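In what comes next, chain A is part of two complexes: it sits with chain B in the first one and with chain C in the second one.
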Partner chain A sequence: MQRRTLIKTLTCLGVVSALPFLSATSFAASSHAVSVDDLPELTGELTLYLGRGEGGLYEDVLNAIKKRNPKLKLRIRRGPTAALANSIMAEAKAGVRQADLFWAVDSGTIGQIVGEGLAKELPSDLTSQLQSNFRFSNWAPISGRIRTLPYNPTRVSVDKIPDDIMALPDSDLSIAWAPAYASFQSFITAMRMLEGDKATTQWLKAMNKKAKKYAGELGVVMAVERGEVDLGLANHYYTLRLKSGKPDANLALAFSKNDAGCLVNVSGVLALSENKTASDFIRYLLSKEVQTYLSGEAYEIPLAGQLPPPTGIPSLTDISPPEIDLTKLADIRATLVLMRNAGVL
Partner chain B sequence: MIHRITRWPLSYSFSLVIAFLAFVPVIILITLASDSAQMFDARNLDILSNTLLLMFFTALGSVAIGVPLALILTYVHLPWQRFWLILFASPLALPSYLGAFTFYAAFGGGGEIASLLGVTTPEVKGLFGSSLTMVLYTYPFVLLSTRSALNSLDASQVYAARTLGMSLLPSIWFVVLPRIRNAIAGGALLASMYALSDFGTPAIMGLTTFTSEIYVEYNAFGLSQAAMLSLQLLVVVALILYMESKVKVNQERPGQHLTLWFNHWQTKLLILGTLPVVIMAILLPLGVFSLWLWRDGLEYFDVQYAINSLYVSLLAALVTVIFALPLAYAATKGRVGRILERITFIGFGIPGIVMGTALVYAGLQLPFLYQTLALLILAYVLRFLPLAVGTIRSSTENLEGSLANAARVLGASPKEVYQRITLPLTMRGVVAGAALVFLEVMRELPATLLLGPIEFETLSTYLWRVYEAGYFGRAAIPGLLLFFFSALGLAIMFSTERWGNIVSNEGASR
Partner chain C sequence: MKNLSKYITKTAQSFLIITSFATFSVLANGDIGEHVNHLSDNIKKYEEEVNWLSTKVDGIVSTYQKSGAKAAHPDALMEHWEAVDFHGAIESNYVLIYASIWQGLYGVKGSIDKNSPIADVKAEQVKLERAFWQALGAVKMAAKFQDQGLLAKVKTTDEAPKNSLEALVVIDKNIHSVVAKYAEQLTDTATTMVHDTYLNLFEGVEGELIVLDANLVEDLEKDFNVTLPLAIKNNKSVDEVREIVTAMSKKLTKAKLLLENKAKTKKDVF
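After this line comes the complex of A and B, so read on.
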């Protein structure tokens, strides 16, 4: 599948360069930030499936886009990312298409939809706005996040934290986690790919004995800060957000090395209908303004237009994330079965 | 004139269609589940045991609270007797997920109580939390069924026992309780039925039961996995309903009434001892929502949620009553009618989450219905039809036959009899039925969650989203509004004064 996508992308690029008039000059293929001022106005009706906004910040983005494009009628269905992905697949099977766009908080779910062949090809001048290792032909990553180990420096010193995620259950640290959260599940999928199903099951079972379960990862980070536990498993931005509201919070970030524990994952969007408004909508999400907002307010890592990462995290080059093809995190179902059988879900 | 012995009344035809509709969800679930690979595994055993434990503790707890309260409220002479009765019955009107939500947020380290008073309370979640919540909101089933049994009891035997030297408590234990055993069992079964089919409470408390797991499976794996669990749940439901139908409440001839006169401080102590129940079930949730309102304000609340709730509830109440009228009428006409009426009672036993699962699939097969308000309304109608039929029926029971026959003898056509006699006389029941359906729809959560059209957020679904996202403060207004509407429902329940009916209807409608 990977090879085919690559070839498709190449062909697409080839066509575009052969017929230069096809690539609109205003968003010519460059990885420089595009301002919303240079984007066409959105008109008509769009239905967006939104895989649950992160703290209402995605809602702010959508509201800003709506405000800027009064002729756009945007209908939004909200729900957990995995549930919406199931709906999209069931709708496709039954031949009732509802969604034009799907904004998911996790690339595994996107890979699932892409794997079903439901995602439409995006214009190559759009995907080329993204950093080169985040270019895909039929979906667009919006923002990046790193798996981290937030810890409470008053309870544990950083040298006590293992830099191997697999060694975590053997440590004597108390741990908080949120296994129902989609990003966590993608992390488990990554672990399955790197360490195998057997080791992952053992890890889950061992962790399940000692870890305290929370509904979401903001809860995890808050529990670490309160000192209920020594260490948590969470996306990086929860820590940064909490610290922005409470600068003296007892919270710091640790990273594991070259394993699933420091996976770099993305939220992303894909188009389910061949529709210019839909792809133009994605351009808005990749615009300088939205990307700057997501990094400044949501502390997510901007992926389009070479903007700087949020303050407070090391740059992507300073950590050692595992080498994993993000679209291969699509095997969520097997992950869920494995987590269920381990008694975690 | 030709004398027709057997005639197929028009109302039968309507009823037949509606009865068929009531069967549809079950058929859909069977079709859907046949796709599912896993029939039963170790995981299901966990779910089953959690569900059964929750039911067991709910039944046990509701008897432990409901029976003593019923004894006090029936036998002890209290000032403002009726006030206490309504107060102690009132948790019945509240959806238990409101309680679960606020308990979850209030207790534990970092909970509202800890941050407000600095006292760390133990966490309320899991099996303990779910059982506690269920008991607090279902004990009125036992209270009301026990009380009505106590009222019909002849107290002469208690007096005899006391005269022969038995003290009060043993005489209640040995003379009263054995005679109301069935009523208590009936109430406890209703309570455990509620625990079995409620979705919000175990989901919020993080307990894996059938209902909460159906939602998890629906989200993670899709419809067919959810359908398999739904069918398993329906089997348990059927068992409970069967047990319930076997419980016969025996009627005694009315006789002497027992009244206990306690002195002043004893009465006070008695009331003080029972108040914690009300404080937990009503004042705590009310307090937490008010706290959130005070802290977070009105900013995030969109009036549209309330308008949507009102709109869909009104519409559902209207349609349900229109569907219920021919059924209630047919049931008075003969055996076939009664059978058809009985069939629509299936809706009673189908928990909301199961109904949602079935109808989502129905929508996918019939694209013109998918994600429409019509499908959501259909779900409500199928779920709450028995509630409306029951209320309308109870108002027609006393006019069965004679008046209508008199009119017929005097030359009125069946149509005229219906318009001029039957309908006006059932109006009271129609309005009460519509009101009950209206309020049930208002509070319904799981089916609305699954079937709500795009951009159609109601009070209860918004409350759920806020819970999932962790922005508890924003639940203040929808929470308080749901409280208000529940209080309205309570008022209606008590004004119709048909306790037994209402209790059994309420119980099975969840």
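After this line comes the complex of A and C, so read on.
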């Protein structure tokens, strides 16, 4: 069953509102990206906690928003996403709120804040700008990335690559992975949710016997391209970036189906204060211009409106990501324990 | 004299390169003290400390010559070095020579521990003395730059880099500190620094960089994940580790130029 079908069905049954994190809204409306020309001017003061990611591209976006809105005084606190989330929760416990907005590089961290009940409801006309399966009442996904199987076509043909991620350890393929990498750990969290801890542990142990370990996922993709291995596990954009810098690179992308292997994870933003300027600020992040910029420069997948994905990957409607509540990817601690017990970390 | 002048010029050039490229922050073991932001006021004290250190090293070597390794107590070399404020002044301003000092300290200590002939110990002592005086020269020069407002204030906490160019500055600083920590024989710390610098900083830069020069990224990937950690693991000499870091630093400079050029043609968000 496709995710959107499931959610529509759940909505009809009144189940969605019972799901603590999903809280989907207005699924019937078609999404559309709004131009910044149609957005209100931002005025007043805002404090944004910005999780590190994508080099300076998020900074470029923020600088452009500041330049366009000279009456906005934007204070930014930067740091690792998880550390900022901890600060937000600690501040809330102490009865102080420093941040109006939190822009995080992964949905799991968003889930932590949402789970604490700290995220404020967003206007439905804002969330309806997002593609239907990325609409949430109290946070807004900004851009997406897909888990992929980059492979070297000079070493292996696509028909030899299983479309079931759980079957990968049983294949004859040589494999590269980066288990210490945060996106990989979110992928394992998704696998735990979908397949259970026992099956995930077995998968990790079997993979650990055959996979070659790399520190980061660009390293994985480069190893595939060099022909050190047949195939790797990595977010989609590393392949697109390498192909951009090296157009003749021996690299192609394969996708598994309906499992954690093709998880679509997102960066996202939430408002911590009920403040019109804060929600209007989010509108800028969902604007056609920002979405196009992040897609063009960072190869991330636009999630507002019907903007095309970066060249080189299929549209989200042509792949079959699993049915996952993205905010539950926050359960990273249990994943790390499981990975350690499996001897992977 | 000509050689000395050449050395000072070279040091000054290196220093300028480093200061123009690096934003310094605290990496010392413990509190380095506010004195590092007032170098001129403290130069006299640093000079006295270097002279004191020199005397102490000389005393340890003389004791070794007269009474052997046990009586010399060469571990005191490190204790003396860590006791002086000059330690923080050089670490926060010129980590390259800071590493040489540690290399020199362990050179003297190692040769005494091995009961080496006194001529060998004295050869190591000369290298250490040279590093002390080079360091004092570098701090004096840093003091001048600081007085002219050309030196960034030493920070007591690290700030997250705002973009890839700022990240490259921190990466370059960190890998030079890896040499220093390796010279201090803090092997685990050095290895962790390499790993953390890769995962927390370089990994965020390389996505942007690979579009511009895939081979350069591939080289640096190998340096971070294979060449440098392997050299540390295999107990290569400090000079060999420094050589790897110097080569990496050149690649980072190239990366910086590529990103700067790209920034000029970057399209606007709106």
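As a convention for this text, the second predicted complex is superposed on the first by the 305 of 345 C-alpha atoms of A that agree within 3 Å, B and C clash if a C-alpha of one lies under 4 Å from a C-alpha of the other, contacts with A are read in each partner's own complex, and residues count from 1 in each chain.
Assume a contact is a pair of C-beta atoms (placed from the backbone, for glycine too) under 8 Å apart; a residue touches a chain by one contact, two chains touch by 3 or more.
Quantities reported herein were computed from a predicted structural model and do not represent experimental measurements.
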| item | value |
| --- | --- |
| When chain B and chain C are modelled together on chain A, clash or fit | clash |
| First (chain B), second (chain C), both or neither touched by A:298 | second |
| Which superposed partner A:290 touches (first chain B, second chain C, both, neither) | second |
| First (chain B), second (chain C), both or neither touched by A:32 | neither |
| Touched partner set for A:249, first chain B, second chain C, both or neither | second |
| First, second, both or neither for A:61, with chain B first and chain C second | second |
| First, second, both or neither for A:276, with chain B first and chain C second | neither |
| First (chain B), second (chain C), both or neither touched by A:237 | second |
| Overlapping contact positions on chain A, where the chain C interface meets the chain B interface | 52-53, 55-56, 78-80, 215-216, 218-219, 222, 226 |
| Interfacial residue positions of chain C with respect to chain A in the complex | 159-160, 162-167, 195, 198-200, 203-208, 210-215, 217-218, 221, 224-225, 266-270 |
| Residues of chain A touching chain C in the complex | 36, 52-57, 59-61, 63-65, 67-68, 78-80, 180-181, 214-216, 218-219, 222, 226, 237-238, 241-242, 244-246, 249, 289-290, 293, 296-298 |
| Touching residues (chain side chain A, partner chain B) in the complex | 47, 52-53, 55-56, 75-80, 82-83, 86, 89-91, 93-96, 98, 213, 215-216, 218-219, 222-223, 226, 228, 333, 336, 340-341, 345 |
| Chain B - residues contacting chain A, complex | 43, 109-110, 206, 216, 218-223, 363-365, 367, 370-371, 454-455, 465, 468-471 |
